[in-house]
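These are the structures in question, set out in turn.
Okay, so subunit A shows up in both of these, paired with subunit B first and subunit C after.
Up next is the complex of A and B:
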């Protein structure tokens, strides 16, 4: 087996055309990573400078009414994951900046299934495009050529006569081309690591290892299946066409089918329907800006009795702040309810998409790729959750200052001082750890392993008695 | 030694080989003459164990091919019409690779000796196969069988497309191998070459062995007449 692998490599190296194509691909991948890295740096710098500037603006607020400050709000930035160089995923459409302000919560706007389509768009030179579409095509042609050249003019007979069984020849060929694809991957990832040395962490390395494993498994599936079909089918044109057909089915047709099926099976409400339902539920709560609101009146009675006074003017605190916070908390419950439902639907969509990996390993690869790159829906949802949690703490701090900072009810002109604004904590994004990602994408990795096993079985048992005459 | 006993093979309604009995002794060269579709290649593929006969028994070096095809192949060398080697490797690299596949390790001088024995001069050993003529490739193919110490050599149209000099060199080489005890079965259209190289000649027609004769018993012209006569009838 080792001899065949070494020979395949030697042939690859000496075949100037193939070697040239390999070098060309390497250059394109490296350029793609370099461009992504450059974009990341620009984005990182502009995010940092915008973040610092916004924080400085906030900390420099000399004196301002806390409620005005709540409407003034702030912005939070989703820190770009270093691995997004390799797979941009949904980041290109979700954006990375969110506004945080009173009364207004952020939305999740797209379905789990649709993330597959974002990554499959051609056009922009992206590392994921090369990893997921171009390299597999190159591997299909290499694997096909490798078997075809042996079958041509009886050379396979000559090899078999040396005492090697056909399945051993085919398996060795699959391994040889797979190792070649791994070299392409390793070089690419090494280049990536060189660009990213300053920001490396154990979490990132673990993601990178699993990222490599996912692609490596997928490449074996592609190579193995091509070897199997090329060995089994005598008519070369049919063998190649069949594999290209499977590749198209996996990369174009099934993802489109998944998209429409999953959205049919687990429909998300339209943005308008969702907003209407939210508004309807929200209207049942306190109107923080309307003193004559009925539920507001009930709260007023409760607070007055707590303080043992008869009117708002007698309160030592500012009731407006309490009412606005109550309004916020009701709004939070509404948000939790609706986004909880939305999360359940998204989770159902995610599970269904993942099960499509049984018939399409490309789906599993895409899921694992964006999941490990941190550019998937899951990371985006977790970012939104953190932003919402921060928004609640942020607005509560402002409402509490409005209520208990020293002003009286109706005193909208009262201003908190600079020390208060400085004391309000900034948003601190907690990155999603590898363990969480693994938990969500273990099924995809397992399906890729299952497919690899199936392909190994096909080669071992399906190419032992191939026609050589 | 090769023995074929009552071998028959059909594809759908077409008979490729019909009750064929053959015997090639050690050191003997048997030439099989026949038109296209006469069953020559099918016979060779059955001896190689790549096609299973419908009936009959084939033994190579006293090994039942049907029962132990892989084992029997260890003793067989095979030269197709076009010896398709690896174009990006040199002659010596090709030989070394095929030897390694067979589990044989030869030193570089030993490989060079084998190539020289098979008629390839030293200058050509380190040239890529893509620069070799068809005759030179045939010689590398024979060198592979020679290195393997094959007891049986099967050749399918080996002289087809060779220039007279290369064809003659091939004849000399085959005789040399036979003199060392190798049993050689050669399928060909080339009546004159078969007459010159082989000890015995068999004429195949529609899968049946219609005539066997010693090459010493007929001249080239007589053989041609006889062959044409069988083909016409």
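Up next is the complex of A and C:
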């Protein structure tokens, strides 16, 4: 087996066209990583500059009523992710800016995709574009050519006559090309690591290892299946076109069809209907700006009895701040309910897509790739959750200052000082540790392993008698 | 061999080749699925627009009832007074829509990247958060819908490869190319006639699909010129691929080698070049984080309220010179309130000023993309298709411009009526509705 693998490598090296194409694509991958790195730096600088500018504005508030400051609010920018060098995922369409303010939970806006006309259906030239769409096709041709040349020259019969079983030859060929593809992956990841040395962490390495494993498994599936079909089908053109057909179905047709269909199977509400439902629920709570609101009156009675006084003017605190916070707490419950439902639907959609990995390993690869690169919807939703958690702390700090900072009820002219505004913490994004989300990608990795097993079985049991056919 | 004879032989080969027939069938299925997706999105948007319009009409009925019942506004909001221009215009402002084109059945384009309805008030701007896209799965948005345009742009070249891969290659592999040369005179004309056969088959298939799609959204009752334009672009696109593949076949030899080259060309034009351009654009023109817009929406607006009255008034007078001849200008009791209520007019100017450089940056980015068309045909055709189906960036820019025009109209009407101390009755409110929402779609 070792000899067959070495021989296969020699042939690959001697085939100048094939070797040249592989080298060419290696260069393209390295250029892609370099450009991604450049883009990351540009994005990182722009993000930092915007973040610092907005924070400086907040810290420069001389004196302002805390509730006015809640309306003034702040902005959170989605930080650039280092792993997007490899797979950008949903980052270019999810928006970059989120306004954090009182009373409302805003959505991310100003996505990159909305700022330009259509450019590329399959995204930017990232490593993932080449790894997912181009390298597999080259591997199909390499695997096909490897079997085809043996069959064409009758070398296959000669080797079998020497006592080596056909399935062993085919398996060795698959291993040889697979090892070759792994070298491409390793070189790419090493180049990536060179650009990322200053940010190395165990989390990043874990993600990279699994990234490598996922692609490596997928490549084995592609190579093994091509070897199997090339060995089994006598007509060369049909063998090759069948495999290309499978590749087209897997990479172009099924992913688009599945993603389009899951939204029918698990429909999402329209924005307007969603907002109306939230407003409806929200209207059942306290209206922070409306002193005559009935539920506000009940809260007033409760607070007055707690302080043992008869009127708001006797309170040592500012009741307006308490009412505003109560309004917020209710709004938070409404948000949790509606966005919880929305996330459940999105999770159902994701689960359905993941199960399509049973018939299409490319779906599993894509899911694993964007998940491991931290650029899938799950990571995006977790980022949004962090922002919402921050918003609650941020608004509560302002409402508490309004209530207990020294003003009395109705004193809207009262202002908190600059020290207070400086003391309100800025949003600090905590990168998502992969071990906390690993369970979401286990199905994808397991399905890739399952497919690998199926392909191994196909090669071992399906190519045993090819030399005789 | 005469052309007709070549075409006849090719027809016999075609109908006896299950592989090519299945490929055509799969292509048609994919196209039908894409057309269905386009039709679904079109009807979804139309239904949503109808639902919002109905909801708005109901809300308006309740506002009109305030006038009929001599009420100032809703009981729960005692500060509202619909007899003042400020609140009357607040309630008269309605949604602005970007109605989908019937040709959306063929291409969804960038339709899912933008909102298509917006409630326009005097405090609005075309870049508000509610202009974000509809709620959708970001992973699905990222991969894009499988629409008819996608089928044309990416699957049609693949169909061509399947149909053409064995032309000349099989004869070369079998060593009978010389025989063909004797029979047909030149290999070149024999190859191109066979290519033409498949081009004609695909033209017919595409036309049938277009006709079927057209019935789903009633395309033929509206814009026939757009329909023919779309069809024309498809055929131009088809012939570019036919020429590209034809040259590969003409100068190529074995079918395996030709298939590899054709797939290579498809990858180059469909994936690598657009991906590289996209990457270059992102690096050269980074995403605008809209900090100027944020400043105008927040700090600069806040500063307006801190302006001394004289400067505030001066800015208002510059924007609306007729204020100098208004009733309120000399009414010391009402002038303060009029100024406060007119703040949105100045805020609107600040927003407009902040939007100019932002939109300039978008234009620069789009110009850079257009400059790559000569070597980036897939992006060129995608944008042509998007323009024809009214789902292009520019169509949404027009929608944003319309929103801005409506904001300007609201602001102007409100300011002048406030300063002229108008009292709003039912008739005036209905006039507002007509004037502000006469063309809501």
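We adopt the following convention: the second predicted complex is superposed on the first by the 447 of 469 C-alpha atoms of A that agree within 3 Å, B and C clash if a C-alpha of one lies under 4 Å from a C-alpha of the other, contacts with A are read in each partner's own complex, and residues count from 1 in each chain.
Here is the rule we use: a residue touches a chain if its C-beta (ideal position, glycine included) is under 8 Å from a C-beta of that chain, and two chains touch if they have at least 3 such contacts.
The structure presented is a predicted model; accordingly, all values stated were derived computationally and were not measured.
For the composite obtained by superposing both complexes on subunit A, the positions of subunit B and subunit C are free of clash and fit together. In the superposed model, C is the one of subunit B and subunit C that contacts more residues of subunit A. Of the two partner chains placed by the overlay, neither subunit B nor subunit C lies in contact with A:324. Of the two partner chains placed around the shared chain by superposition, subunit C is the only one that A:274 touches, whereas subunit B remains out of contact.
Here the apex is the CA centre of subunit A, and the angle it makes with the centres of subunit B and subunit C after alignment on chain A is 100°, in steps of 10. Applying the stated contact rule after C-alpha superposition, one finds that A:398 touches neither subunit B nor subunit C. Look at A:158: by the touch rule set out above, it reaches subunit B but stays clear of subunit C. By the touch criterion defined above, A:312 reaches neither subunit B nor subunit C. Once the two complexes are laid over each other on the shared chain, residue contacts for A:225 go to neither subunit B nor subunit C. With both structures placed on the common chain, the touch criterion links A:3 to subunit B but leaves subunit C unconnected. In the overlay built on the shared chain, the residue A:15 is in contact with subunit B alone; subunit C does not reach it.
No C-alpha atom of subunit B lies closer than 16 Å to one of subunit C in the superposed arrangement. Put simply, subunit A uses no single residue to touch subunit B in one complex and subunit C in the other. The part of subunit A that touches subunit B in the complex is made up of residues 3-4, 7, 10-11, 14-15, 152-155, 157-165, 468-469. Across the interface of their complex, subunit A is touched by residues 19, 23, 30, 33, 37, 40, 44, 48, 51-52, 55, 76-78, 109-110, 113-115, 117, 127, 129-146, 150, 153-155, 158, 162, 165-166, 169-170, 255-256, 259-260, 263, 267, 270-272, 274-283, 285-291, 294, 298-299, 302, 361-362, 365-366, 369, 378-379, 382-383, 386, 392-394 of subunit C. Looking at the complex, you find that subunit B touches subunit A at residues 41-42, 45, 48, 50-51, 70, 73-74, 76-78, 80, 82-86, 88-89, 97-98, 100-103, 141, 144, 148. Listing the residues of subunit A that touch subunit C in their complex gives 28, 32, 35-36, 38-39, 42-43, 46-47, 50, 53-54, 57, 72-73, 75, 77, 89-90, 92-97, 99, 106-126, 129, 133-134, 137, 141, 144-145, 148, 236-238, 240-241, 244-245, 248, 252-253, 255-257, 259-260, 262-264, 268-274, 276, 287, 290, 292-293, 342, 346, 349-350, 353, 370, 376-377, 380.
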